[in-house]
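This report refers to the structure that appears directly beneath it.
Letters A, B, C and D name the chains as they come in the text, with residue numbers starting at 1 for each one.
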């Protein structure tokens, strides 16, 4: 059971990471900075619980706050550029953050042992869950409470005008400007929200994995962050979840029994999916299909 | 005074070495920029195809003990084929306007190529032959590596050849036409797909040479080189200005020397930070890169 | 209402608009005509803020627009449509109008939460009326991309109107329309004027322009060669040479 | 088509999820589960260790297997050997999978220090600490050489050479052998925690201790904080740095050429060690002595830069010097792997498991897994010495750190040759 809970936790965390990119993707922005925000959130939360002995919730909260404000500040200069330029700019930002933690050292003595981030040696023994006797069920529910809340919020916002405005900017920036939408503000807002969500994911990740170092926050992670919403499709938040289950559940864990052939299949399957379903696994037609299915179910239920 | 001269020599030497190494970045940058210029799309798998080309040429060397020139040719050829395959699998059948899907597919391509290489080589670093490895010229206080010079020259030749193809042949004309106005080009009866695939093949050729160059310059091939090379290539592309070949060349050489000087002055821990900072400076003060055209189309 | 002073726009060496002066009175339907490449669309882009002028100034109700970004100009009451339709294809018809509610009074009227997170109330009523007016009442939940060409034109017009502009600029709204559609468009434009909008109409279809406008400015090679009542313009020699010339031969 | 893909993926998923469950039905045998990198750049780790582990266990079973608590003999069974790609989260996933979905009494992974560091973190720190909800599963790692990992959990055991001791003796010996060698210099890769800390805190310090002097200014003793000490060291001694994925080593090589030391340390994995060695070769840097990081005492180094590595001296935990080592070496290479300091540890661990099982007297039934694991762990903790391939492996009960014998090997004519056995 333990194993499946662990897998579910991973899926939860990666879903949050994917959603942080999803929000930006709505406005047509492709950001590789999410891994950077993820890292900042992770280190902040971990430092607060390990060095300052905070409770995990405020720790993660402060982590989200810091990543949010960081994203806000980065947003203004970064979003001046578009398309590939933005991809590379955000990629560079992510690398910058990574290298910061690669040089970042803050060791303190606690009960005779030295704890805290130690540059390239990493930041180990973030054992909040274990030390406070959290069972896996509790960890899983903590993570998924957050996942559900975030998904619900985004899904709901998507029904409201704010969601429509985000998508409008994503569809056609110029037209959006000429109907009175402040494109810059919209984008920066999306960036900030994305940052907050990535920070949340990072905070949870740090305590789930118990050890942080710069290897965990490379371009690879950033690529995964955008891969989820792209693979899943931006027509619905559930797309991201589906994609995470596809990658983490199927490709990474599910195919483990294939041994060293697994990773070969990994890349190939991504290529195949993008060719078969360019708009994502969970595209609008799939959405319609499901809606109809549900409607049928209901009507049957009523009659 | 003496140690001033000492420092001066050292720094200029660093610039020189970096400059020579920069030629590999330049070629990778050109590859990215070619494909972006032609399709407006990002082929993440590009550097991977380059390295794959180098690997296949290494196989030729190991099994048939071919000369270095052959190696470069083989590397270029196989990378060209790979480039075409990448086009088929990641771009050809994906809707033209769906840039995200195409990019994602090429990411998948990168993972796949990378893993194939690891699978066949067990990820072990492999020794790569280099010509004139023994030639090391001492010019006054300076030292120049013969094989690096050789690599650099090959870089120049291939770039020259590319420019000739682009600006003196019909193929090049078509490519640039498609790049500038694909609709108009289609109306003139050009096949977008054939042009694109040739672009990928040509880019692949360069990539293969770049891969072999890098391998020859370092002397080894290892899968851990792939990601850093991809990132550097992208940075060079952007600094040079999207779709600008001279831009990519100059940016490549520039980044090469810049990072090497920083390496000398500040050390490894800060080298890449400074490169990234350099990129930011460009994005803020020259958002379209060195030679990028300003995009005014609405 | 709108005053354009010595407005110029260069693209590299090309002078798309040079030293242009215009004055549009409140409540008018003001026509702008001219051969292709005479700078009409550039003028629209300059007024709506898509391009920034090389020199000169644009005054809207006495305030200069030149420094303002497109959305700020919309908030002041200047809206436009595009020659090549630019809807939000992935949004529904209803949403296309919804996101366009950015007029000063809307922002004032709807509270923040109401504005961003609620669909009902006056908002819904107004948008439904707008759809009614555009003959799209039954298509509210369609994706904009699924509409027929004529419907898309009507939707874009409605979207521009949804920003409650005081000045509405229509960039060749009749392009590609048949007679009935043009007649229908004519009626709509008059309706909008009824609602108190001042309208600038850039158009090639002469009968529409001549029939509906109060004043007409004629552009050629980026500068104004004539301005006046439709009738006067039709008589104007230089206009005929520059533009109506060919129609005299048959 | 689409429907088909949907169908296919669901089927695969179903199979995938039921897979681990399928593993847990079996008769009476002592189950172990191993993992390592079988994909990614470090693939060789996993491949070699798996070959070593499987062939050692095959050998044990051929000899009758292991004695259980009730005196009966049962075979050792490798439930599976998973691919962790040396990724932290995957290692943790496998650890939890092993603990919760299999009857394995010990998990045997996973070579890479970083992975182990994360993995040990999810284990229970202290046994019998009920307030600690960490996983209770004995882990016996091959290598994971980064110093001080054992303290993270009492459930974690490693089979690693004691680097401090290893290099201390190495330089003592080099000192006596090469009185002519005075100055030294060198470099390391800073993005690999193990290489970095070993270079800083162990190798350089040992060299200094034995009277080699760093070219130019003298090297300070390290401060309390390693990274800080590293900075001082760099400031004072101008040690060279690079990254594992680098392609240009010209600056570092030139600086060392300028220093012109008698001895050069290359504390780096084969990937970058080879790049650097080749650059030095081209720049005509010819030191009297060349000393490397123990992780480079492997086939990869020879693949990467046989000629440039000529003369490289490395202390290693494995070399075919004893009959056991020789035969093991042959068996493993038949099984398609190389026996080096990493995989040799995997081989030895198999025998360590045998000893511990027989000491613990477990009953190896599916309903006694929990106590079997605990018994096994205690037995493992109580073992202070076992027979390794090239000599007894001892373990310090207090720190939990193992220390195994080692020899000094050198690249001679493109092959690893044993040049000295410190045990005399």
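Here is the rule we use: a residue touches a chain if its C-beta (ideal position, glycine included) is under 8 Å from a C-beta of that chain, and two chains touch if they have at least 3 such contacts.
Predicted model only: the values in this text are computed from it and were never measured.
Think of each touching pair as a link: the shortest run of links from chain B to chain D has 1 of them.
Farthest from chain A, judged by the mean position of CA atoms in each chain, is C. Comparing the chain pairs A-B and A-C, the larger number of C-beta pairs in contact belongs to A-B. Taking each chain's centre as the average of its CA atoms, chain A and chain D sit 33 Å apart.
Chain centres here are Cα means. That of chain A falls 42 Å from that of chain C.
Averaging Cα coordinates per chain places chain C and chain D 72 Å apart. Looking at chain D, residues 39-40, 43, 47, 190 sit in touch with two or more other chains. Residues of chain A found to touch two or more other chains are 102, 174, 260, 263. Touching of two or more other chains is recorded for residues 50 of chain C.
Residues of chain D touching chain A in their complex: 1-2, 5, 9, 12-13, 15-17, 19-20, 38-40, 43, 46-47, 80-83, 85, 88-90, 92-94, 96-97, 99-101, 114, 117-118, 121-122, 124-125, 130-135, 152, 190-193, 196-197, 225-228. Listed in rising order, the residues of chain B touching chain D in the complex are 10, 13-14, 17-18, 21, 24, 115, 118-119, 122-127, 133, 136, 143, 145, 147, 214, 217-220, 222-225, 227-229, 256, 260, 263-264, 267-269.
Taken together, the chain C residues at the contact with chain A in this complex read 48-50, 69-71, 74-75, 79-80, 82, 86-91, 95, 98-103, 115-119, 159-160, 162-163.
On the chain A side of its complex with chain D, the touching residues are 1-4, 6-7, 10, 102, 105, 107, 118-122, 124-127, 129-131, 133-135, 209-211, 213-216, 246, 249-250, 252-257, 259-260, 262-263, 272-273, 276-277. If you check the complex, the residues on chain A that touch chain B are 25, 30, 77, 80-81, 83-85, 87-89, 91-93, 95-96, 99, 102-103, 174, 218-220, 223, 226-227, 230-231, 260, 263-264, 266-271, 274-275, 278-279.
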